[in-house]
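Structures incoming, each one as structure tokens.
In what comes next, subunit A is part of two complexes: it sits with subunit B in the first one and with subunit C in the second one.
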Partner chain A sequence: MTTLDELMRLPGAMAAFEFRGSGELLEQRIAYPDRINESTLDLLAHMCSANMSIATMQARGWEKVTAMTGFYPIKEFTLIGFDWSVVVSGLNREQYKQAGKFSLPPFVGVVLANEKADYEAAFAILEKQEQVQ
Partner chain B sequence: MSMIRRLLALDGVNVICHFRDDGYLIEGYGLMSHNDMGRLAQFAHDYRRMIQGNADQLAMFTGMRGWTPPRGWVIRGVEQSVCGVANLVCVVDNADAPLNEILMELQEVSHW
Partner chain C sequence: MSVVTDLLAKPGVVAAGEYAYRGDRFSYRGALTEEHARMASIMCRATTMGVSMEGSMLEAFQSRSGLQPPRGWMVHGPDYTVCVIANVFCLLENTKGSVNDIVGFMCQALANVPADLI
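Let's look at the complex of A and B:
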């Protein structure tokens, strides 16, 4: 089963998606097309990609100014909206970067209904170690 | 006892701060210097505003309801995470933290 299919089995999963570092949507699964569509996921992906970059800047800056550690690299970014949440991960990309690869896998994310959202379960799926190829 | 202090009783929560609407630290507890808590409060305030802007624009461009106003955010680093809800921010250790419970507590405490 692919990661997207696994994410779709989470309670309250509305959609799961993959996107490039530059934000373009690559692949998606949608549970409720009347509520969320491909075009919305594309904009959401761009927003998440920007936030992953900003969070990386913040983590690097924070570690430099405070001498604290453990923030960089960023594994996931989560926005908890009023009814929906989005969780995205770039962890697999980090593994590829650390292995010296130039071609990186996509970011992976899931949209959840807050009512049933289990963030820990989402992180557990997104943090499964993938073998670097 | 301060209401926010009870969050420190949850596994993995290392720091909890409460800040004013302008980002000024009101109170903070945990394993961090007062200066860094001030920085954390200002950061969380700025980040909250940025997230609000992002969610507003997403809602405007897509017409999809249910994103605004946002309830919170989580930035999960390699070992530590930062979670923000309303005017509260906390730093948690990924290894021990029951994040679902922490987010629920933050929501509850933010209403006090």
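Let's look at the complex of A and C:
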């Protein structure tokens, strides 16, 4: 089962998606096309890409300034909306970077209905280690 | 008790605080220096403003988006998670606390805070 399919099995999953570091949507699964469509997911992917970059910059800076560690690299960024949340991760990319690879896997995200959202379960799926190819 | 005091009593919470949306003041409790808490509140406020703008843009793409208005955001690192709902922030140590519990508590405790960022 792919990560996207696994994410869609989470309680309250509305959509799951993959996107480039630059934000372009690559692949998606949508449970309710009348509530969330591909163009919305594309904008969401761009937003999440930007937020991951900002959060990474802040974590890097915070660790330098405070001498606290444990913030970098960012594992997930989560936007909590009124009814839905979106959780995105690029953690698998870190393995590829450490292995000296220039071609990195995509970011992965899931949109969840807040009333059923299990953030920790989403994190667990997004943090599964893949074999570096 | 205030939300910040309640948060600090929860397992794994290292520090918690709140900031004014207009950026002129903040308060906090927990294991941070005043200067680091000030920096944290500025970063949290900036990100909250950013996601608020993004939520409005999403709404323009597709009305009735469940992400609008945003209630908060969370950054999950290897050892610590920063949770922000409305104008309250919380620094959680991952192995000692539960993200689900903290987000659930904050969303419930801050459910009636207006979303107009004033």
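The criterion applied here is as follows: the second predicted complex is superposed on the first by the 133 of 133 C-alpha atoms of A that agree within 3 Å, B and C clash if a C-alpha of one lies under 4 Å from a C-alpha of the other, contacts with A are read in each partner's own complex, and residues count from 1 in each chain.
Operating definition for what follows: a contact is a pair of C-beta atoms (placed from the backbone, for glycine too) under 8 Å apart; a residue touches a chain by one contact, two chains touch by 3 or more.
Since this is a predicted model, take the numbers as computed values, not measurements.
Superposition model on subunit A: subunit B and subunit C are shown in a clashing arrangement. In the superposition on chain A, contact of A:L79 is made with both subunit B and subunit C. Legend: residue contacts after superposition of the two complexes on their common chain; A:N114 is shown touching both subunit B and subunit C. Of the two partner chains placed around the shared chain by superposition, subunit B and subunit C are both touched by A:I54. Touch criterion not met for A:Q131: it reaches neither subunit B nor subunit C. In the superposed model, A:S103 makes contact with neither subunit B nor subunit C.
Once the two complexes are overlaid on chain A, the subunit A residues touched by subunit B in the first and by subunit C in the second are 35-36, 39-40, 43-44, 47, 51, 54-55, 58-59, 62, 65-66, 68-84, 114, 118-120, 123. Within the complex formed with subunit B, the residues of subunit A that make contact are 35-36, 39-40, 43-44, 47, 50-51, 54-55, 58-59, 62, 65-66, 68-84, 114, 117-120, 123. Only residues 32, 36, 39, 43, 47, 50-51, 54-55, 57-58, 61-62, 64-80, 82, 85, 93, 98-100, 103 of subunit B touch subunit A when the two sit together in their complex.
By the touch criterion given at the top, residues 36, 39-40, 43, 47, 50-51, 54-55, 57-58, 61-62, 64-80, 82, 85, 98-100, 103, 107, 115 of subunit C touch subunit A in their complex. Note for the complex: subunit A touches subunit C at residues 14, 35-37, 39-40, 43-44, 47, 51, 54-55, 58-59, 62, 65-66, 68-86, 113-114, 118-120, 123.
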